[in-house]
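Next up: the structures, one after another.
Here chain A shows up in two complexes: once beside chain B, once beside chain C.
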Partner chain A sequence: MTAMKTIEENLKKEARRLLESGEVAVVIAYGRGFDENHPMPCAITKAEETEGLVFNEYCTFNLARYLPKYPPKTRIAVALKAADSRAVVQLIQEEKVRREDLVLLGIPVTGMKDQKTGETIDNRTTCNMANPVLFDVLLGDEIHGFKGGSPYDVLEKLESMSEDERWAFWEKEFEKCIRCFACRKACPMCYCDPCFMDASRPRWADKSPTPDGHLMYHLTRFYHLAGRCVDCGECSRACPVDIPLYLFHKKVAKECEAMFKQSAGMRIEDKPAMVNYGNQDSDEMLR
Partner chain B sequence: MDFEPKILGIACNWCTYTGADLAGTTRLKYPQNVRTVRVMCSSRINPSFIIRAFQLGADGVLVGGCHPGDCHYGTGNLYARRKLAVTKKILEFAGMNPKRFRVEWISASEGAKYAQVVEEFTGDVKALGPQTTFKIKKD
Partner chain C sequence: MLKKIALEKFGDLVAALMEKGPLYAPVKSEKAVDFREIKNPGDATLDFYNTAMSPKFMFFPQSEDIIRYKLGKDATEAEPVKIDAKPSVILGVRPCDAKSFEIMDRHFLGAGVIDPYWKDKRDKTTVIGYAFDPSARPDPADFYNTLGIGACDTAGSDIFMIRADKRLLLKGITEKGDRLLKDLTVLEDGSNADEKVFDDVSKKGGEAKTRFMKIDDKEIAGKLVQVFGSKEFWEKATAACISCGACTFVCPTCYCFDIADETLFKEGVRKRFWDACMFTDFTLEASGHNPRPRTFQRYRQKVCHKYSYHVDKYGCISCVGCGRCTRSCPVNIDIFSVVESVMKQ
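On to the complex of A and B.
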């Protein structure tokens, strides 16, 4: 049995046990889409529905996205890969979900595939981790000796450019935007209601897709995710016009790590960097 | 004709704005390029203000606040420092020249420092020329 199949079997077994014992009210995991290569996120509430759960290399979605939608005290079990578990840690830090409401089903996995292209996801577009940072039950064998390298190597090319070249790059990328908000919808940390883009007073950007509106939307979203982005890469995969949003998110995360000595979603005791300050902060960061 | 930059100044009510007032009442000379907006605290500044200012054609943005530790509200400028630092990194990575954005801590008694910062910054921005990066192109 392959590692993926083992995880699927364990997922079904664990989901059944949790629902039958009444330990959780809902299990959020992956279900079958229109074919094997297009699984979808699904939430089940009955033990007999567990047979419909699947797990394969196309199950890329970050399921932490759905957690803040449930009212507090709903007992939820959720299947999490490495980056997804970081998102849960971050949500717990931000008091959007409560640790005691959650049963975390950790999935150690590498080599996931993109649903759009069918190719293995370039791990330079993600946080490049194999094991979840926080879990209650591990559904597969922990992966040892996985060497991902620094997740920030991919930035070198852009960092070495001059400002004008970088602007030319981003101007071209943002121009493709159709303002479908798929990045916002896919992001586990984008839970604001209403989002600043939907607010009409002040109206930060035109409702219609205009280049200046794209710039305002993307730059402000990068700022809003500063110190919070867990680098799951879902925004870039969700993007229908393939804007490499992960590059910008990685850059902001890298700078935040350098300045605030803290990575998003790694430790449950941390306070989110942007609603905190430290004694070691200096004016150097403003230079 | 010489290029006169338009600079948005955002000053905190308790320190920098009062410092600017002091620079005026002591009749210090400094360039008139800064249009100052008063906010109650530097942490009130939404980074979108800065992006918006550049989009609307500001050639530079100068933010002034109390010295760290001297905030009227205790810790406001300590948060602001982190926020504005990240803002600067974002502007830089998007392709804006970071020299167009400056944060200074100027207390209410530092009228001379205010005049000096404004003079320096205006000179810097003048040397860079008009800002066209984020400016909305109207056809």
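On to the complex of A and C.
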């Protein structure tokens, strides 16, 4: 794997070239936060700002999240790790961003770290792919032979629970929810405006943090992301009270893959599983 | 009044406090430490840096019932919820958080209107503060010291607790604190030597440094008024902000709330619950107009409220430098860095 420092150098070089040549109007990447271990997403528009770009093992945020807010025809370069590139593919499928507006700076990387715990991020909380699925420029060498285990291994415990146990598990987890909406705001696929939770007529869920409202919010969000979640794990890392949201997303993704033989955000040509109909689609749920 | 107890007998102290009424103390869960009502003395812990959520929920719970009502055919029956909290104790509040109670008092009690919900719980709760270890390195996100709060400051505490060697020293700060201390027979009287240890550690607490730049209340308040109109500055400073409410919900001094009637069939409750200026619909008006539609405007509001408007209205910054907002921010925005760059403008 290319060293992170080298990736950072390549990122600076490429961003400078793109901004100087006028190929893009903005580069979305990582900049310095309040210290080395706390990088912060940034959007730069001038070549001299490229010196401030950083890349290290704590640059975990999925930058695809910032793309839909730009008006169409804005030329944007964006730094993407594997799962982040899947999010971009998914956004292209959903016509939220246009392929021709984007310059994708792919980062092949493994062994990113969770800043809160310092633990290595792996297949337990993300899709754990090493190489971006779509890119224009690679900022490091493609990684070959990386075996990180299935992203669905972690579901074993949950799947072995009885229905009642599973219900109890999620009730207990949702009890912690403070309804700060960091999960939906960090999610690259949560771009609804307004979100159903913000609608007041009708109001779909209690605005105050009631257990019923928590269920309404999280379950609706989980199902709304069926076949769309790219398993970047950002929602769970964003959660200030450590709800393991990734578990539910992984479960839904696994079921979707089994039913529709398609993973979210892998190919531009695909249509999102839930808005596409094919004769060969699974009808298991109807039996 | 100074009392002491051996550290290994902490469980006995917890048990004794539980007899006095509901006790809230830090409890370790899988990944974090947070204040919980203690059911077993062994659950409380003193081995933590600071809790993930602030202790403001003691006096300002995330959701609080105000009125319960029944919708009838011709009339609605409504009954205000009785304001009558049980006398409680909260143990293990860090100095910056204890200070936050005093700052919130200015708003809930000192603004000309007394908030009865806050007052009731505040009056009936005894706060046992707990010093940061002045010789340990503070979390890099913290800046309480920069705002003039020491690692062993007693402001906001009724009793202040210091861990020294293998014992806990508890000093009564207010009358309420002294009363509780006197009632706790598990405690021994502190000796003159203990007094000296308490004073020495307290002194060291003032020296422990978090971040370096000094912030003057008046100066930053004025500076923010000047920088307010610079769209370029705020857009750049908040480019990463995803507009979630994590920072405000974990904050010990954010006090904004919303009120809503939640009806199920014929019965309902009017509640007040935390709201966040970072939410898009925080300022959404009935007409559909939103005076703060952009992320930078909402973030600017948060900074200006804490560091400028609060200084004008209540005479102090509404921030205690506990670092929670920075630690919980999904994209690592650091309010201190923003304030620092305002000062440099």
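One rule holds in what follows: the second predicted complex is superposed on the first by the 281 of 287 C-alpha atoms of A that agree within 3 Å, B and C clash if a C-alpha of one lies under 4 Å from a C-alpha of the other, contacts with A are read in each partner's own complex, and residues count from 1 in each chain.
The working rule: a contact is a pair of C-beta atoms (placed from the backbone, for glycine too) under 8 Å apart; a residue touches a chain by one contact, two chains touch by 3 or more.
Predicted, not measured: the structure shown is a model, and the values here were computed from it.
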Figure out whether A:117 sits in contact with chain B (first) or chain C (second), or with both, or with neither.
second
Looking at A:52, would you say it contacts chain B, chain C, both, or neither? Reply first, second, both or neither.
neither
Determine, under the contact definition given at the top, whether A:148 touches first (chain B), second (chain C), both, or neither.
neither
Would you sort A:68 into first (chain B), second (chain C), both or neither based on which partner it touches?
neither
Quick one: is A:182 in contact with chain B, with chain C, with both, or with neither? Answer first, second, both or neither.
second
Mind pulling up the chain A residues that touch chain B in the complex?
158, 163-171, 196, 204, 211-212, 215-216, 219-220, 222-223, 226-227, 248, 251-252, 255-256, 259-260, 273-277, 281, 283, 285-286
Given the complex with chain C, which residues does chain A contribute to the contact?
33-35, 37-43, 61, 65, 115-117, 178-182, 184-186, 194, 198, 200, 206-210, 234, 237-238, 240-242
Seen from chain C, its contact residues with chain A in the complex are 30-32, 52-53, 62-63, 140-141, 239-240, 242-246, 248-250, 258, 260, 262, 271, 273-274, 276, 279-281, 326-328, 330-334, 336-337
Could you please specify the touching residues of chain B with respect to chain A in the complex?
47-48, 51-52, 55, 68, 75, 78-79, 81-98, 103, 105, 133-134, 136-137
